[in-house]
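Okay, so subunit A shows up in both of these, paired with subunit B first and subunit C after.
The block that comes next holds the complex of A and B.
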């Protein structure tokens, strides 16, 4: 599996969400899309999942242009809260199971247990942390080639965050999947990443392997990001 | 529990250090298997590719060996333990001496202070 963005521009009205962006992603790697709020991270994920389409340029999965049907191959965890309140936890799992062919029902049951989610509890009575966990269960239970996580940790306490990181590491299939995490909480995800991509108000201003940053530049991802932002603003 | 890492040093080297330290402390016995790459990744909250790199580095340093289909094992070699222990001792002493010199303690005083400290006396 490869994902490619070639000269991609996306506008919402007159505003540029992404400006002439080129990116490549390959399987077996975890990528971090980092940048402040409103910089174009979510737009990038939505373009890959086929939820929005570029004004110009091409987004492709395995050299095939993205379409509405791309969601078959892409599991996307939105930053929004998007459950039906009347559903019980198990209804949510059943619903996903009915919508996606690659949904692994057994895996979902294991994940529910690990995340300590009660299948009979109504979604509207779940705490914020548990809603976050449930979202992750529905995303990770899919055996999709691409997994996109949009701010998976936002608003979650450190304990929940650690639990989520551990399930991610346990259940990602590194031989076959690409994992893309968009977040502004850079320091928290650094140990997870192979590569970081810095997006700043519509522009990709840097892409680097995390170990190269540390080894050759002596920088953490956060320091690297601040440095290229500063350089970018001078120009 | 995910581990905290220093920001400037490569994560894989910090993992190498940690494993070596466990060997010196006896928490990771000689001749025994290390956790699998995936287990270690989950334990530490770190990318498996990083763990793999740490294991390769340990292999290059002749501290572990990979046995096909079985996993990664610490060499069963007491010389290894002695060498690792010595290198930690040197490192710790270097840091100690440097810090003491930085705050203006002479080498002679250092010896005095240290031996007093070890006898349990206050300065």
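The block that comes next holds the complex of A and C.
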């Protein structure tokens, strides 16, 4: 199973969100898309989930062009607030369960307990941290081929961040899923990553295996990222 | 729960509060009608309330659809779905139809109350069979008119959001949507003036509905009912147009709309 972005360009108005990007993601790996805010990380995930369409180039999953239907195979956690205020926590879970065949209802119940979410509480009364947890429940309860997490730590306190990392370690099928995490909070995800991809204002400026970074280059992901950004700016 | 039931439940949950508000407003409006008519001793005063309520019900579906789409436009969850876009839109139509039916039930009850009890002296004594026929026609017409306008609303919404993708057109999105409506209506009006079209329109008709009006006979207001000819061809035409608008909207939603 692979996800491919071939010569993908995406513009919002006159601005390039992505400029002629080529990327390849393979099964069994955890990728980190790193870059500052507005660098194109979220757009990359939205393109893979079929929420936005490229201006040019092709985004494909298993050699099939991505469409809205691809969400069947792609579990996506958006950085935005994606819930309806009128829903209770259990309504959100029930809705996801009705829409996605790969949704594991039992797993969702376990995750709700672990994340200490009250199923009867209305979404509009949840704290930001708990809304983040609920997003994670809906995403991790799916046994999808691809899992996309867009800024999963955004605005969350260290306790919640730790809970998210633990959940990822516990509930991701590392052999059969592709996991893409887009974040500018690099240190949080570094221990999880197989590969890091640096996106800098629409351009992919680097891609490296984390093992190589640590063992051969003697760098953390953050140091590597800073180094290539500096190099890119010099050029 | 099947995927479509899931969508229906979703749309029901996000709209039930506004539906309840609408229902309360309508009931208050009915009470207001009776109260004012009683105060002035003119039972025929309930007729304008019936007419305005009918218009309100016809507007309920498209206005609710617009508000629903506006809510969805702010929420990425809607289009992140493996369901075909026609199903996403259809569930909204169905939920709003059910709400509309409930409102129409209230409307029918109020009309019965006015015709056969409160306003018995000023409304013509319509036989129960004829009244049933009239109310069935009005109720079906309200459902179809509401849905037809909703198809236009959905098309306008999808065109507006599709234009997001074209930076040069983006500042003119609202204008383009208005232009589409104006051009279509001008075209339809011009076509309707052609003799050949006029002949087709009036080719088949059914005598079905009564046209209510108020008449002052010196002693007070009375309600007059007249039978009217309802042309069949325009009904078929608007049905086809609604289907076409719905189809175009769902295709735009699937391929062009980015939320």
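Criterion: the second predicted complex is superposed on the first by the 235 of 235 C-alpha atoms of A that agree within 3 Å, B and C clash if a C-alpha of one lies under 4 Å from a C-alpha of the other, contacts with A are read in each partner's own complex, and residues count from 1 in each chain.
Everything that follows uses one rule, which is that contacts are C-beta pairs under 8 Å (C-beta built on N, C-alpha and C of every residue); 3 or more make two chains touch, one makes a residue touch a chain.
These numbers come from a predicted model, not from an experiment.
Because the two structures share subunit A, they can be overlaid on it, and in that overlay subunit B and subunit C fit beside each other without clashing. In the superposition on chain A, A:49 makes contact with subunit C only, not with subunit B. In the superposition on chain A, contact of A:13 is made with subunit C only, not with subunit B.
Taking subunit A as the reference, the larger set of touched residues comes from C, when subunit B and subunit C are compared. Using the contact criterion defined above for the overlaid structures, shared-chain residue A:118 touches neither subunit B nor subunit C, since it reaches no partner.
When the two structures are aligned on the shared chain, A:157 is found in touch with neither subunit B nor subunit C. Legend: residue contacts after superposition of the two complexes on their common chain; A:220 is shown touching subunit B, with no touch to subunit C.
By the touch criterion stated above, A:173 is placed in contact with neither subunit B nor subunit C.
The superposed arrangement places subunit B and subunit C with a least CA-CA distance of 28 Å. For subunit C in complex with subunit A, the touching residues are 1-3, 5-7, 9-10, 13-14, 16-17, 71, 75-77, 79-85, 165, 167, 170, 254-256, 258-259.
Those residues of subunit B that touch subunit A in the shared complex are 1-3, 5, 7-12, 38, 41-42, 44-50, 53.
Subunit A contributes residues 11-14, 46, 49-53, 67-72, 76, 78, 80, 82-84, 86-87, 91, 94-95, 97-100 to its touches with subunit C in the complex. Every residue of subunit A that touches subunit B in the complex is listed here, in rising order: 28-30, 162, 165-166, 169-170, 174, 190-194, 210-211, 214-215, 218-220, 222-223.
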